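Each of the next two complexes has chain A plus one more chain, namely chain B in the first and chain C in the second.
For the complex of A and B:
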């Protein structure tokens, strides 16, 4: 009851706007806020302590205690006594309840001393061959061979001479070993040393690099990202062979510690933009995170805007291309999609193929796509507006055809179209869930019921079937899945607005939708740039695409360090010919 | 918060074009025909030159006051009283014109497509758009205008091209219409067609420097004059003089003349979309500036709580005229006769005094 009254009060009463850390990509690099200011803002105490917060303060205290405990556990150092370390590991991993943790105990000889040792790893996540040949075998067999090592420190001696594995880290905290083991690595403990060895021995089974599923092209590379992050970073490095490509590592999720990478070109990407992406990635406080889809929701500027503000792509070539423009990419372990930011509306309407096909073809594609967007968003609304309010708009013959077809239909046109659109959405949703072999059957049922039977039963008019079908095709022609999704939602809004007030309603929808889009930002970049606001350069590849030799500058709205992409005359051979 | 927003010249020009040319879709060509006869278009050119002349003087006087709007100048001249007085004058003007325009647009739409709907129902749609846009603020509105103005311009051009077969050059003869005295003496008060320019004197804090302000003013007047002159010229060319004073919605009437073969006969619906869009932008911008001026005049912290009360007031005022004709009369007999005082005279007066005060201060130093 208290909640209800509060909600009603909140709705009507004016509240002071909350201070939200807003990022705007400024023209000048010097304008970026100083780090001290940022930390001040972060540390700003909450202004008011509400009634509810008082009630829940007890819970907060408990949570804080828990967090402190977890912090203490994290800072536990490695003991010189191997048994102590073993006990701690067993306690952390709940041995013997946990069945897939392997603890292999053995002995090594180092500097003429026999030492107890053990290695821990998760069965199935680590590569046994690497562990056997690069860690266990050398330690157990080669340690007996005389090694001319000068090191006095035993830990250093073992790392330098007895473990030939290529990725070994000497760590001092148990938590570092746990993080490595949880991610397919192995942890090596040796008696008498207060350090342990975290070895990267990942060897789980994963999908190999395959063809893209959602961004299929006829011309262009046919590789897509996989679930392994390092495979994905290597795919980008392979495409974008540039020494300035930076791959910064992050871990997201307090417990899942999911690895993420932020990729950008150091000499091109705007520094304040990189700082902002870093700040957002470092300040996500969540227990577990599994997919880039979740990460996108944590990173985006506005949750309620229907259009996506971060681009998800499964293509390494597209990711590389966007990075070269000065954009940033985030890869996450376990997700075959890269997140690209910042983006504008036009990025969502581009297909990776646009760059690979010739200039006239790509422009034709783009025009078709714009028409597809308009059809998918507005066609049902226009149909309602015309049949209910603006009969005069269409030629009399066509009007007679529509009205004659609708004559026997007992529903008002708005009900008719809502029913059909809902049926279409139903088929689409069911089509995704249905097992592969039955899929085509659903298509036949859908086509039969919606197409023929509904018309024959006079439930809907044949013209409406055409409208719904064209709308459906239009929505599939939108290259970005998330954008097509937003149109699916908005289409219903436009239908209702058209039913209420015809073109006036549709215009209201377009106006409010437009205002929402122009006010939106993606990582501080206006979403509708370079059209609203107008920016001077980089419009060569926005709405339409100019010839590739004419795309000389990177988009102005990204405020990149180096705006020039290619010289004014990139086809030098044309000049040479002239000289001749 | 708003003062931190700085938008480009293209956005500012688009906003001013919308503000100054929206009247074209309602009654402007008819008003020009009523005043200038066959020479309505010539009258438009004349008032454009006049407004350019006045703007030239105003912009020169504005030079020492870079980044200050007319309210700041009011404050400079007469302190808080000056600021509040200027604010109240602008408020009264804007509330008056927005109510009339809201009524005219709603009634116009009622004539065009919603003959069975009550006018208040149509008004509510406009109000929803205005309120939501005003909540989003000025920045999105300017950006939206920058995108939409070229589209509306293209639709307008389409109408003009479509009407070309109906042109008859005899319709604009005699060239001077009702005669030079009617045109150049009485017609001078028609400078009020550029009353939308008053918004320019409210946006210097958003525009940045003086140069931007000056160029925005000139470009917007010249570009708007192209639309306004084009509109009245096409209207005069397509329809003979006495008849030009009779159509309630002149440009819509022109759109109905378009006949591009058997299929594209009823093209006026395109006009409806362009018309309603420009109405939404016009009404939202004026509503935003009403609450902005109120906030600034009375030194309030936020503008958003004012949006709803002012919208209700505007809605109520818009329902006061008995009919569309009464609203049109209010516009042509009151607003278009006296608006130039607020748009041109007030800034001229304030800036002159402000310059004198500034000079005196300098001499004292």
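For the complex of A and C:
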């Protein structure tokens, strides 16, 4: 009882909110006096350290010990004795049990000495032709040919003369070899050398570059990312031919060691933003990670905000475009989606096509999209509110039509709309899961049940079908799938609020929703910028789109190093005419 | 954790409070309500009021259920009449036998009987202004005879929906000029105003049953000094017409305070609209300035807002009105070539003279006969006063009847229609001329 009273007291009594350390993207260093900048930089690593040390100290001591042991095992050096190495490899990979590891033992001749050697690789992961022609063949056949090598060190000699493969690393730890082998490479051990060769011989089968599936445009490139990360980085490099494009490598997942890349333009992206992204990427502690969807959940600021705070796109052109704005992209092996951060609400409402089509068209797109968002979010709630509370708002003819249509319907309109929305969600969910060949059946069932039979059986009124259909179409017109998803959830909230209190309820909903959105941050950038905190060029460039020659600045809220995108006059030919 | 709990509570508590304390209590499904389209108020025989409600029947209007053929007229609305001491008590009584709850938010017209209007309708008007269900944009009408009879006579012939019928018919002044937008807001505002008086639309049931009975006894053409009645020389009820549509609206009921004091015919209503600046366009008959007994028809419209000036001359108000009109020729009966530049001026002068006379008739009527400022000239007078008290003490509504006025009309003929020139009709007799 006392506890309860205390909670109630706590709830109503004012308490200063606890300060939560959060990353905030501060003003550009150039805009601030220099001494301050220095102190800023000094502070940051401290924060980092404390954050990390807190994390580790929280862990149980035992786990730490275990980790240490694992570390020891990993850092086992390569022995000079090849048998020892072989034993170790066999132990690591549980050889009699593990079927697809290939260990090929052979002999090579180097510096007039015959040496035992073996190569390990996973069957199917590596390209056999490369291994045969670039590693095994030269080692076994060409080693007999006299090579004028000056190196005394055998290991160096072999690397420099006997392995003509293009990506060979000399490593000293067995763990490096294991990492490479796990990722489709091969490991070469040679007797008498305390080093081994990790060769990149990835050759698994993967999907080729295909058309985008979720972000379709009519005008613009028709390429999408695939599951291979290097293919994806190459797709970006292909579109963004800039020497300042940095592709930083990370490995995420303690056991999966999934490769990830952080992409940004060095002379544009804000440094503290890059630091923060690096810090978050480096501090993800998880065993396995498979898709960028998981990574997104590990990286995002708020889990409970309905709107996504990281943009997932499968289009290299869009990724490149956003990188040039000063944003960061994260690519992950095994995922055909790039993660873009930080983003704002308006990024989610833009389509890559906006930039490719002419000025009047893209503005039409944008206006249509805003209307689509409003429809998909508010229309059912609005319908409930006016039919339950605000009858005077409906034109009389429509009122009479609605009344006549509803005459035989036994349910209150809230139940009606909830039923139909649920049925619609059901069809949507089933439509995604349904196996291809029986897909059309679903369409027929859905159309018949929802469109016709429900009306004929007086379960719902025909006007409501229109409301639900328009809502559905509206939600498909939202360019970002994740954002559309958030509207799908919130739509139900608005329906309930409207049923409870009409426009008052909807107003309350918009109020709370607005507060949530305005207070949200994506990597330190206010989510509703440039409207939430007002920055320049909000309406002209984010809500609508200004002509391409007028887009001179990068978004202000990103605090990039180089604000200017193009000079005041980017169409110089207009100028020439005058000078003549 | 505590923060999260608080956040959760902060979301849940308002929801609970909303739903428990207020939620849904006034939610009404559309199909649980009955919507009267017209409300008629008569003086009761035994009680204070006789209330007539015309309720829309949505199923019949939408043609759903296949019960009755659409356009059946009578089926689309049902009319009930109750005697009660006041509007709300009548609605309360009606709710007992009408299956659905009555909601007045879609009432399009409120009709007072002439008898009631002459007694004063202030008490009913204030009750309506207080009720939040009433639509401020509904029209106020005065029915000659009884309001109940008028509402029962309303049988929409062209549309199934009585609400649409009222909306269309009462907005028709945009192209007839025979009624005005006497909405409830305007009516109420003018009743309370110290600078203007109210007016309502005049309505009635047609008094002729067959075309043989038609006479012009009640027409106002004689007092205007005409040989034949023009289209505007009638009031509702006396229009020379017969047909399935029995109900009529034409002219205005003029109020002094909350009491009806007189009527204006259709032509004077047109003049009223012209002086107020609310005239849109209408086909107007004008006597031919050259050939007597022939008429020119002009599609007249208001070119610009009228210029109204009110001042004090010799201790009585003087109103000067300048009405700016323009017109397209619709028909020249006499065959005189008015399209010609020289003759155009003759026609324009003739038309100006005609309208000047019309407006003078109207102003004479409201100033000298009724003495009520339904045009709101007082609003132009107000600007001559420095303080509100001075204005109140001036007592405009009382002084108005001593007003003098002068009228100026400026009319320009813009287009001759599809004919560029009027040529005489050739026939076998007229060849030699």
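Heads up, the rule we're going with is that the second predicted complex is superposed on the first by the 520 of 580 C-alpha atoms of A that agree within 3 Å, B and C clash if a C-alpha of one lies under 4 Å from a C-alpha of the other, contacts with A are read in each partner's own complex, and residues count from 1 in each chain.
Criterion: a residue touches a chain if its C-beta (ideal position, glycine included) is under 8 Å from a C-beta of that chain, and two chains touch if they have at least 3 such contacts.
Every value quoted in this text rests on a predicted model; they were computed, and no experiment measured them.
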Next on the checklist: For A:123 in the superposed arrangement: first (chain B), second (chain C), both or neither?
Outcome noted: neither
Next on the checklist: Once chain A of both complexes is superposed, is A:429 in touch with chain B (first), chain C (second), both, or neither?
Outcome noted: neither
Checklist entry - When the two structures are overlaid on chain A, which partner does A:413 contact: first (chain B), second (chain C), both, or neither? => result second
Next on the checklist: Just to be sure I read the superposition right, which of the two partners does A:282 touch: chain B = first, chain C = second, or both, or neither?
Outcome noted: neither
Checklist entry - Regarding the shared-chain residue A:194, is it in contact with chain B (first), chain C (second), both, or neither? => result neither
Checklist entry - What is the contact status of A:172 with respect to chain B (first) and chain C (second): first, second, both, or neither? => result neither
Item to check | Touched partner set for A:84, first chain B, second chain C, both or neither | outcome: neither
Next on the checklist: I'd like to know which partner A:210 touches here: chain B for first, chain C for second, both or neither.
Outcome noted: neither
Checklist entry - After lining up the shared chain so the two structures overlap, which partner does A:512 touch, if you call chain B first and chain C second: first, second, both or neither? => result both
Checklist entry - Which residues would you name on chain A as touching chain B in one complex and chain C in the other? => result 17, 389, 392, 394, 501-502, 505, 508, 512
Checklist entry - Given the complex with chain C, which residues does chain A contribute to the contact? => result 10-11, 17-18, 387-389, 391-392, 394, 396-397, 399-409, 412-413, 497, 499-502, 505, 508, 512
Item to check | Sites on chain B touched by chain A in the complex | outcome: 7-8, 10-11, 109, 113-114, 117, 121-122, 125, 128-129, 132-133, 136-137, 139-144, 146-148, 262-263, 265-266, 268-269, 272-273, 276-277, 280-281, 302, 304-305
Checklist entry - Along chain A, where are the residues that touch chain B in the complex? => result 14, 16-17, 389-390, 392-395, 501-508, 510-512, 514-516, 518-519, 526, 528, 531-534
Checklist outcome for this item: Within the complex, chain A is touched by chain C residues 2-3, 6, 9, 11, 14-15, 18-19, 22-24, 26-31, 33, 35, 37, 56, 58-59, 61-62, 64-65, 103, 105-106, 108, 133, 135, 161, 163-164, 167
